[in-house]
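Both complexes shown next keep chain A, but they swap its partner, so chain B is in the first and chain C is in the second.
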Partner chain A sequence: MDIAKEVLNGSRLALSRAITAVENEHDDAVDIMKKLYPHTGRAFVLGITGPPGAGKSTLTDKLAKEFRNRGKTVGIVAVDPTSPFSGGAILGDRIRMNELTLDEGVFIRSMGTRGSLGGLSRKTAEAVKIMDAFGKDVIFIETVGVGQSEVDIVSAADTTLVVLVPGLGDDIQAIKAGILEIGDVFAINKADREGADKLNIELNMMLDLDGNMNKQWRPPIKQTIAHQNEGVIELLETLEEHYEQLKSTGQLTTRRTERTKNELLNILKNEIGNYVLGKITESGQFDKLVKDVEGRMDDPYSVVNNIIKDMLK
Partner chain B sequence: MDIAKEVLNGSRLALSRAITAVENEHDDAVDIMKKLYPHTGRAFVLGITGPPGAGKSTLTDKLAKEFRNRGKTVGIVAVDPTSPFSGGAILGDRIRMNELTLDEGVFIRSMGTRGSLGGLSRKTAEAVKIMDAFGKDVIFIETVGVGQSEVDIVSAADTTLVVLVPGLGDDIQAIKAGILEIGDVFAINKADREGADKLNIELNMMLDLDGNMNKQWRPPIKQTIAHQNEGVIELLETLEEHYEQLKSTGQLTTRRTERTKNELLNILKNEIGNYVLGKITESGQFDKLVKDVEGRMDDPYSVVNNIIKDMLK
Partner chain C sequence: MEKRVRVLVAKPGLDGHDRGAKVVARALRDAGFEVIYTGLRQTPEQIAEAALQEDVNVIAMSILSGAHPHLFPKVVNLVKEKGMDDVLIIGGGVIPDSDIPALKAAGLAEVFTPGTTTSAIVEFIKANVK
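What follows is the complex of A and B.
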């Protein structure tokens, strides 16, 4: 079966298989991506991040439903970089338990870390591209937490929504400082909780300090109560406004060029690394080198230098 | 000044500069590491991870003090992968504010993410090696959270302590599943809080389910109240017991060989990636390739393939 062709023909099964191929680095993954690539670049890609417990999943579901009401098809990639051993199953299960899954116009996929983190943001970006080629109008990238891994992951998005929640402790406040710079739109979810106004004021202050006053787009802050569907329509319209603004100012092109550049560099680094690793491990001399380094007869940097000299033109 | 030589001569200033060189990828970083590498491998490297708010910093400080009481010198690398923009300053400041800093036998360094996450675990491992070559007897790697990045980071440790705390929500419980496999010793900190016994029972069950019954070492669970210095000595002795067990069973050698192997592969991947990136960006043709990919006239995978073919023997 030609998976890429089936994806383009609208097969949900093929869509699922293509993502699995990418996730598990199957032999045909690169071939699938090559064939799908020309059909990408049409979807609105929306990143959603924020601390655990902020209600990101619920908010994603409500936004997805509202996009569906407006006739758009939706893809959701739910990424859990904190789940190295479960493959993201926890997060996936939580999401699967709702009415969205009964809607043919919605495709949900969870991804966890297998092996190294570095690969996860690349694989997420590829899953998004597969959904994009499939024809999804809006694609969500939802992350579980708010660390550097999440920052890397949502960098594949056009518009990034940062979801915060009143009443989290100091640790979370410290983390927030790191995500201010990536938020295009902020939502204060569970806005009926005590502390919502205080958070709103603090966040506004931080955004002003952040030098946003001179930018074309000053990230708006929206209040939502996702589980009661409150504020969701307003939030969705703000997200679309941001996307429109990206398009009209030419920033969408700039952002996407930057992204293409980074993706190319990441793929290059990964492929060349794998290629060279393959060569030296199959040559059998690698174990000897490890022993030398371990016995302190050689150091890793000199060993690596020699390998590079040997292999490159 | 020959930084590596000064490190070996016991200069704290040089120690600090060497770590900065590694962190910021200065030109002399590789040279420093080459010279220090033969002097590494003597320290007991202790990884400490767990959810935010578990009291890892306080526990690290108390353990460090107790090691000092026993005549050991101590290094602490405090790593904050959730702090992409602050360079880990928040965490560093919190740690710096205590009596440990007045002790010449203790060296504390905080590290944050600059640029990509992938680099952070490598840089942390290098900071540990620098402290090791300097002559520190015990080196702590303390992480701020509990995601995949932290798992990667503590993989440089001989013995890994996972710190948990009663009364965290469901999100945290989900995360815990991912760190069970990396814990050699568990501490339930703030053990005077409600829920400590319940957590103890749950954790024991999870460890049994995890198939630990057939292993040589079943991870023990210790209760501590770090800020009151309760349970710290017992915990320290358990950590040393684990280390002794690693040595006596030959597992220390196995673990370190595995680690050397991974380090070598990581350095190789990084160096060869940087080398090739340098070549293609300086050749000036890279911008054209980005444009081709962006215009969907070519796909990233074919572009990368061609580059690899061009550059490798």
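What follows is the complex of A and C.
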């Protein structure tokens, strides 16, 4: 079957198979992406990140339902960690989303990180594109539970929601660099727990120090109790407001141009890397170069310079 | 080209005991499989649809309630109806030996009863997954 064509015709099985083809780097993966690419760029891509157990999946479930109430179709890419030892993974985000499974307007795909360290899986961006081409209006990317520095989500999503919970640390945590810098919107989930107001104050202080006074968008902080569906509608409207603001100020174009640039560079680096590596391993040159460098008869910088001079004339 | 076996672990029906399913899920993870764990009280429709969305190679179900003669074959049929012909479907739980031939005839590749080691399940999947 022509998978790309079937995806565009609305086949859910093809959508699923296309993601597998790309994730496992099947021979037809590039061809599928080529055909789908012209149909991408229409969906609102919403990133959801935060520490493990903050309620990302539950919040995603509730937000997705609310988008469905508003007539939007939804795609969800949920990322969980792959074991660095066995290569296996437990992908458990669907547990919180079981009610969405039989809604035909929702498609959920779980992905293991497979060695990627930035909070996403290696092929998250491609899975999002495939869902986008399929015609999903809103696509959620739920990251793995993050610590402080897994910030790849910023380059993958239009709007990034950082979900926090009370009780994880004192106010010095709030001035560190990392995930707290990437929120376009913050949610304090489990807001019925002690410490929610304190966290609210600390986040506000952090945002004040950012010099947000002069910015067009000061990240709003919303309180939610996801499992009781409290604060979800307000949060959703804030997320949409941010997206509208991105569009009206031209920032959406800026962000997406940046994304396209990175995408292009990544593919280019990959292809050139593979090409060059293929050539030098084929000729048996590579092992010799490694030995030379190891024996300090040559240095890696000169070696690379020479390879490039030879190959890219 | 990378091949990574994806397994849906599900608990169809109404019994609320998932310790066994969790132990199996963990063993499959340690064997290098990607395990999609969907939790308790799944309908056959939910299991089949989750299997489609996740494009799994294997569906592993556990039932302790006695509803296996009804629920296991139903999942097999729904999965086929969705056009997924190459999925390995296995079951486990408190299942009388006398029920097993009928379940296999209905399309279950294997049925694992109490006392099975997790490595036997892993080996079976490795040997039979398409």
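The rule is short, and it goes like this: the second predicted complex is superposed on the first by the 275 of 313 C-alpha atoms of A that agree within 3 Å, B and C clash if a C-alpha of one lies under 4 Å from a C-alpha of the other, contacts with A are read in each partner's own complex, and residues count from 1 in each chain.
One rule holds in what follows: a residue touches a chain if its C-beta (ideal position, glycine included) is under 8 Å from a C-beta of that chain, and two chains touch if they have at least 3 such contacts.
Here the structure is a predicted model, which means the values were calculated and not measured.
Undergrad: Touch test for A:T101: chain B only (first), chain C only (second), both, or neither?
TA: second
Undergrad: More residues of chain A in touch with chain C or with chain B?
TA: After superposing on chain A, more of chain A is contacted by B.
Undergrad: Where does A:I307 make contact in the superposed view: on chain B (first), on chain C (second), on both, or on neither?
TA: So A:I307 only meets chain B here.
Undergrad: Look at A:Q223 in the shared chain and tell me whether it touches chain B only, chain C only, both, or neither; answer first, second, both or neither.
TA: neither
Undergrad: I'd like to know which partner A:R12 touches here: chain B for first, chain C for second, both or neither.
TA: second
Undergrad: For A:T143 in the superposed arrangement: first (chain B), second (chain C), both or neither?
TA: The answer is neither, since A:T143 touches no partner chain.
Undergrad: Touching A:S110 in the superposition: chain B (first), chain C (second), both, neither?
TA: Only chain C is touched by A:S110; chain B is not.
Undergrad: Is A:E25 touching the first partner chain B, the second partner chain C, both, or neither of them?
TA: Once the two structures are laid over each other on A, A:E25 reaches chain C alone.
Undergrad: Intersection of chain A residues contacting chain B with those contacting chain C?
TA: 82-83, 86, 90
Undergrad: So in the complex, which bits of chain B are touching chain A?
TA: The contact residues of chain B facing chain A are 30, 33-34, 37-38, 40-41, 52-53, 81-86, 90, 113, 116-118, 120, 145-149, 151-152, 169, 171-172, 174-175, 177-178, 181, 256-257, 260-261, 263-265, 267-269, 271-273, 275-277, 280, 286, 289-290, 293-294, 296, 299-305, 307-308, 310-313.
Undergrad: Across the complex, what residues on chain C touch chain A?
TA: It is residues 1-4, 25-26, 28-39, 42-43, 45-46, 49-50, 52-55, 82-84 of chain C that touch chain A.
Undergrad: Inside the complex, what are the residues of chain A that reach chain C?
TA: Spelled out, the residues of chain A in touch with chain C are 12-13, 16-17, 19-20, 23-27, 82-83, 86-92, 94-95, 98, 101-102, 107-110, 112, 114.
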